[in-house]
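Each of the two complexes below includes chain A, the first together with chain B, the second together with chain C.
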Partner chain A sequence: MKILSVDDSKTIRMIVGRSLKNYDCVLCEAANGEEGLAAAASEKPDLIILDITMPVMDGVTMLTKLREDPALKAIPVVMLTAESGRENVAHIARLGVRDYLVKPFKEDELIEKIGRIVNLQPKLVAA
Partner chain B sequence: MNSPVLQFPLREWMNSIVPEVFDTMLSLKAAPTPAGSSPHPVSGEQISGAIGIAGETLSGAVYLHLSLPFAREITALLLGSAPGESPAPAEINDLVGEFCNMVSGRLKSSLSDHGAPCAMSPPSIIRGSAFAIEAMPNAIMEKFHFDCLTHRLCVEIHLQPQKP
Partner chain C sequence: MISSTAVPFEMSTSTTAPILIDEVRGYLNRSISDVFDTMLGLEAKPAAYCDLHASGQTIVSGSIRFDGDVTGVFHIHVPAAFARTLASRMLDLPEVELEGDEMVNDVIGELSNMIVATVKSHLCDAGASCVLSVPKVAHTNSSRIERRGHVDRRFLTFRCGADQILVEFLMQTSLLSWLR
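Our next item is the complex of A and B:
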């Protein structure tokens, strides 16, 4: 299981990583949409957690480009953003996202949303 | 001018969202300063997050002002730093920027839902002491103070209605 976190805030990427630390998955990180597209192409993640407001390339542009790419368009995306306006959410929903989590957020809310989309398995602890 | 910005219940909204950010992310209570109390400014060395917002009917900025010791304390708390271990300046900057982003993003969304759609910039950081931010002419400028742990924080909003 591979999950890609795309957020310009290292703090948020750290929280995403901490949320997933007890699960059997690899976390990849990108700090903007351009890096996110490159990471999506090279890493082929099972899920992308995507912010909206980022420098270089924002999350809406990245999502649009992702959906235009036949090799990447099927990757499920969860938006993790402080932006929750009705029109914004409707616009992003039309681009195709599996879920939407508004910042501030609790780590267990994030895990719940991820767990509805991919099969998160607890990490096996060596006896 | 009958601008949606002028109708927006800024204080009520701010007194809801700022405590929500601190409670959700840090399990800390950030209480609005009681009405009638004299809100002293954030003193000493401070760090501020700044985010610009702009749309057809408004422009402005959101600032989150914290004392540096408070910013250091909450960054260590969020990162789970070991006792006595101080977060790096970049980590503190990132947290302050992100908290400012959470407040600004929610404000932007609420303004959009109130008929004033706008976009916002990524956060920038200001460090220093005893600085003040001058408002643009005709801008609405409001400061909202909160007490958290033993510290005071301030959210400063500048909004300038534009003729559509």
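Our next item is the complex of A and C:
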């Protein structure tokens, strides 16, 4: 299981990593949409957690490009963003996202949303 | 609907546009309380105005511009020691492991982003469309930048335990008739 976190805030990427630490998955990170597209192409993640407001390339542009790429368009995306305006959410929903989590957020909310899309398995602890 | 009744914890240098300013103040009150509770497990309560910059201590400020139907800037000011405490709580790391200012700045930038984006979303839902800049963070121990031109400036102070948070927001007054 591979999950890609795309957020310009290292803090958020660390919180996403902390949320997933007890699950059997690899976390890849990118700090903007451009890096996110490159990481999506090279890592082929099972899920992308995507912010909107980022420098270089924002999340909406990345999502649009992702959906235009035949090799990447099927990757499910969960938006994790502080943008909660009705029009913005509706616009992003039309671009095709599996779920939308508004910051501030609880780690267990994030895990619940991820778990509805991919099969998160708890890490096995050696006896 | 946010009440436009004057509240004791606000200090204003404004003479105009009470409706929009009061709405923004209400959004900020709820947003700061929600962000501090959800991300930090801390209670942030409105408090009497306090000029953090007069204390002589180093202040960490997260600043975010908004442009569109309404234009201006929000600054979230906290004392540097409290900024480190916030970073430690948010990242679940001991303060001694926060090397330099990089992680503190990132946490203050992200908290500012969450606080201001919530306000922005309310403004957009009310029909005042705007976009936000990415946050900028600065450490200063000097006075605030003086306002220039026709801007309406407000301050809100919050208390979080023994620590204080000062929110400063400036909006272009030429655009403040928008929601009247």
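Please note the rule applied: the second predicted complex is superposed on the first by the 127 of 127 C-alpha atoms of A that agree within 3 Å, B and C clash if a C-alpha of one lies under 4 Å from a C-alpha of the other, contacts with A are read in each partner's own complex, and residues count from 1 in each chain.
One rule holds in what follows: a residue touches a chain if its C-beta (ideal position, glycine included) is under 8 Å from a C-beta of that chain, and two chains touch if they have at least 3 such contacts.
Bear in mind the structure is a predicted one, so any value in this text is a computation, not a measurement.
On the superposed chain A, the positions of chain B and chain C overlap enough to count as a clash.
Contact with both chain B and chain C is seen for A:54 once the two complexes are overlaid on the shared chain.
In the superposition on chain A, A:23 contacts neither chain B nor chain C.
Contact with both chain B and chain C is seen for A:86 once the two complexes are overlaid on the shared chain.
When both complexes are overlaid on chain A, the residue A:10 reaches chain B and chain C alike.
Once the two complexes are overlaid on the shared chain, A:105 sits against chain B and chain C alike. The contact surfaces that chain B and chain C form on chain A in the two complexes overlap at residues 8-12, 14-15, 18, 53-55, 81-88, 103-106. Interface residues of chain C, counted against chain A in their complex, comprise 34-35, 37-39, 87, 90-92, 103, 106-107, 109-110, 113-114, 116-118, 120-122, 124-125, 129, 132, 134. For chain A in complex with chain B, the residues that touch the partner chain are 8-12, 14-15, 18, 52-55, 81-88, 102-106. Chain A makes touch with chain C in their complex at residues 8-12, 14-15, 18, 53-55, 81-88, 103-106. Those residues of chain B lying in contact with chain A across their complex are 20-21, 24-25, 75, 78-80, 90-91, 94-95, 97-98, 101-106, 108-110, 112-113, 117, 120-122.
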